[in-house]
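Two complexes are shown next, each including chain A; its partner changes from chain B in the first to chain C in the second.
Presenting the complex of A and B:
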């Protein structure tokens, strides 16, 4: 009996108590899908918002400052105040902008990042949608935001935006291929395309104490995945689309109000999501010793990685475009092929 | 054949000119831009991201300072000079005071000279801290900005204690300085310098040994010694090309001949060299401040006949003089012409940033937008000095 059936019979019981007729199954399904997707968006955007606060606090501590600490406990509700401010700001449209692409672009950026959360396993039972082809879904959907970035760049009718968009698109090509190949190595080791299976395959220990995480046999893949993560979220060593000191604000130069807020939230929810994905693929997901529940393990590992990402963000300078493209095409790409070969060898020798 | 191509999102006005695959675009970088350090405008002629031509456009901050000088008594120009290179105001005072002292043959008391050296070197530190912070920011490093501004704050606190102001200081007078050091100030300077030196090591580790920073800076914006000399570059921009030229050594003034310090030079002539010269110069400033504090004599702080309100009736003899000082950014000179009246006949300032900016097209043509920003930042210009 699936969850939907249970829910359907439960709702039927409730309806019977009030003397209402039983609803068809499809209504239950629709209600559940609606609730689940609202929940997914709420979780994703709240985490995205909350992480703006986490980032600003950490950034302040790195820079020997205090950071936002007034709104709510320790300034935790700062993102709500900022969100309200952004919502009440004027939604400016540049006079010669391409209206449709300009207005649509923030949604094209933010929606894929949220959608891709669906097959992410939070614990052994918490998963929004345990798709049988979850890895493919995640990779396909999370590759969409650069399209939105290009739309934003073109629609803004601004030279800086255009440079930012072209850079973001060029960057996208360079990191997406190593990213997919290193994910393919994981798929090969797991022998399946679902994310929950990838976590299950990492349960247990070698020699009784080394966890069977894929990061050990796939260290190169984990590195490539992490670098691609940095590039995909567009944070500082690779924030070529934004490049604040060069292109003013890159592709978001012309955006104001909540449309800008969407880019911002997409970035932070993307950081959390991609860290979570790295944890799922390489650091055992929600697995861990039994004294903590799986969800806590998952969040702990993810926060650890997010902390590392923020640390890199506030410390390193920015690559030049050609330097990163060179690096991605001439170093990451061959390395990812090598990593795939290692995965095949491990599979052939029967390690996995 | 010049082909005009309209690239268009809905009737837009970008016009690309060129033949075949070579399409150019003009981009006005500034006057409102995060990394043009004020209201500088760069007209960039771009082929893709490659800068084909670069033309700095000046004048957005022009305040007719040299004309203002002719309208008031000699000393009344002193506060105006603060607003020229507002990052290092003391050196503007110093340049003007030195020119005037040569013109009027004023003997400056020893204690005043030492106070000038201490406050001047503190100002040099403040200026270089600002450079380090904004340079990191232009490269995308956020945290060094806060570190260096925290340290700059300490230096400015000391300067404020001494002079009563942080930015527009007006500390110097003809023949001396305005205020003596408050009680315990020298000890506070000493302890602050120790603190800053420890932080300086941290900044060094954070910046100098960073791989991406090295990738971004090495071989970018290269200039040879001949080019630098012929374009009139001075200061760290010139010293980065290998020429050891420092007015504190080559045309010494005040008590600088007694100070023991080295002039750091680099031979690369690129952005990395300019950056390294500045960060090494800070160490020399620590040394100079320590030595000046040790040797600080007692005595008057201003020459006889120039204290109090007498200074406003200064009437220099009927001749010309040129006084120059080594500021954190290069040579700053003042050319004064006197007609034996209470007002200057002519004051001409030779600005360091104005001269250094001339080499920008040479540095950036053929490189990308990203390198343009870095090259510009490595010149460490200040628009208040360029436009005056």
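Presenting the complex of A and C:
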């Protein structure tokens, strides 16, 4: 009995108590999907807001400083204060801007980003929608934001935005190919395209103690996947689209208020999303020993990777644009083909 | 696995809901915001200088070569997915066919590499 059926029978009981006629199942479904959508949207973007505080605190500790610690306990409510500031900021429209592309760009960046969270398995039962083609869906919708970046670049009609947008789009599509091929080797080992199946395939242990995570046979693939997602998220050391010191924050230069806020929050939520995807495909997702619930295992692994991302952020300087693009085309692409050959060999020898 | 409607209808609703929520979050706080536009504020931001010339300057021609190479190799990557999903059923025949396909495109990649099409700055 699925959750929706339980909810439906519960609502039916409540309606019977008040002598109301029973609703058809479809109404329960639609209402639940609506509630879940609002919930997922809020979670997806609030995590980004919370991460701005986490990151600033961590960044300060790495540099032996204190960071924001005034608003709320340990400065935890800092992101709310920042949000109120962004909400009350004047929403400028540059005089030379292309109005429609300028206004539509935040939607084109954020909506596909939120859609990509739909097939993400949080635990064995918590998943927004277990699509049969979840992997393809994630890859497809996460390929859309470069379009929004180009729209922002063209629409704001600013030299720096234009350079930033071109760079960001070039980066995104260069890293698309290694990303898809390393995902294809996981699909090959799993033999299916749904995300929940990919997690299920990683249950169990080798020799009784090594978990059957894909990171061990597919270490190259895990590395390619992680680096590609890092490049697509666009944070230091790969923030070539909005490098503050060269392009005065590139494609978001002309944006103010909540329009800027959405670009910013999508970037920070992207850190959680890239960690969660890497955990799902390579670190066993929500699987783990039974003394903790699956959701906790998923969040623990994800926050571990998030910490790694922040660590990379505070450690490395920005790459030069041509070097980093060369890295995708000349190193990661042949490596991803090699990784696919390894996956085929594992499958042929019957390891999977 | 849920039916097609049960699987994809939530995603459609999620798309609509997130579009509406973004719209509300951008337009509802207008009542709180100051609104005093002037000519100087609305100029393209160039660190205080008055912008000179076109803001959409000439683009590097390498960009187009990048996109053409991307199209070829991305189509390759997308064709790998269905084959990878049905690897066991397609067997040796599928493996040989996809091997020839990938080898051809690897040759194309190598050709582009030698021609210097994969350089951002030439």
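The rule is simple: the second predicted complex is superposed on the first by the 350 of 352 C-alpha atoms of A that agree within 3 Å, B and C clash if a C-alpha of one lies under 4 Å from a C-alpha of the other, contacts with A are read in each partner's own complex, and residues count from 1 in each chain.
Rule of thumb we're sticking to: a residue touches a chain if its C-beta (ideal position, glycine included) is under 8 Å from a C-beta of that chain, and two chains touch if they have at least 3 such contacts.
From a predicted model like this one, the values you see are computed outputs, not experimental measurements.
By the touch criterion defined above, A:248 lies against chain B and chain C together after alignment on the C-alpha atoms of chain A. Contact with chain B, but none with chain C, is seen for A:237 once the two complexes are overlaid on the shared chain. Of the two partner chains, both chain B and chain C are touched by A:321. In the superposition on chain A, contact is made by A:96 with both chain B and chain C. Contacts of A:177 after superposition on the shared chain: chain C is touched, whereas chain B is not.
In the superposition on chain A, the chain among chain B and chain C reaching more residues of chain A is C.
Looking at the shared chain after the overlay, A:154 reaches both chain B and chain C. By the document's definition of touching, neither partner reaches A:16: not chain B, not chain C. When the two complexes are overlaid on their common chain A, residue A:64 makes contact with chain B while staying clear of chain C.
In the superposition on chain A, A:188 makes contact with chain C only, not with chain B.
When the two complexes are laid over each other on chain A, chain A has residues 96, 154, 157, 159, 248, 321-322 in contact with both chain B and chain C. Chain contact summary for the complex, chain A toward chain C: residues 29-30, 33-34, 36-38, 40-41, 87-96, 106-107, 110-111, 114-115, 118, 128-132, 135-137, 154, 156-160, 162, 166, 170, 173-174, 176-177, 180-181, 183-185, 187-188, 191-194, 248, 253-254, 257-259, 262, 321-322, 325-326, 329-330, 333-334, 337, 340, 344, 347. Here chain C touches chain A in the complex through residues 1-2, 6-11, 13-15, 17-19, 21-23, 25-26, 29-30, 32-37, 39, 41-47, 51, 55-57, 59, 63, 66-67, 69-70, 73-74, 76-78, 80-81, 84-85, 87-88, 95, 102, 106, 109, 113, 118-121, going by the rule given at the top.
Touching chain B in their complex are the following residues of chain A: 59, 62-65, 96-98, 101, 154-155, 157, 159, 163, 236-237, 239, 243-248, 313-323.
Taken together, the chain B residues at the contact with chain A in this complex read 9-14, 25, 27, 33-35, 49, 136-143, 145-147, 150, 206, 210, 212-213, 215-216, 368-371, 373.
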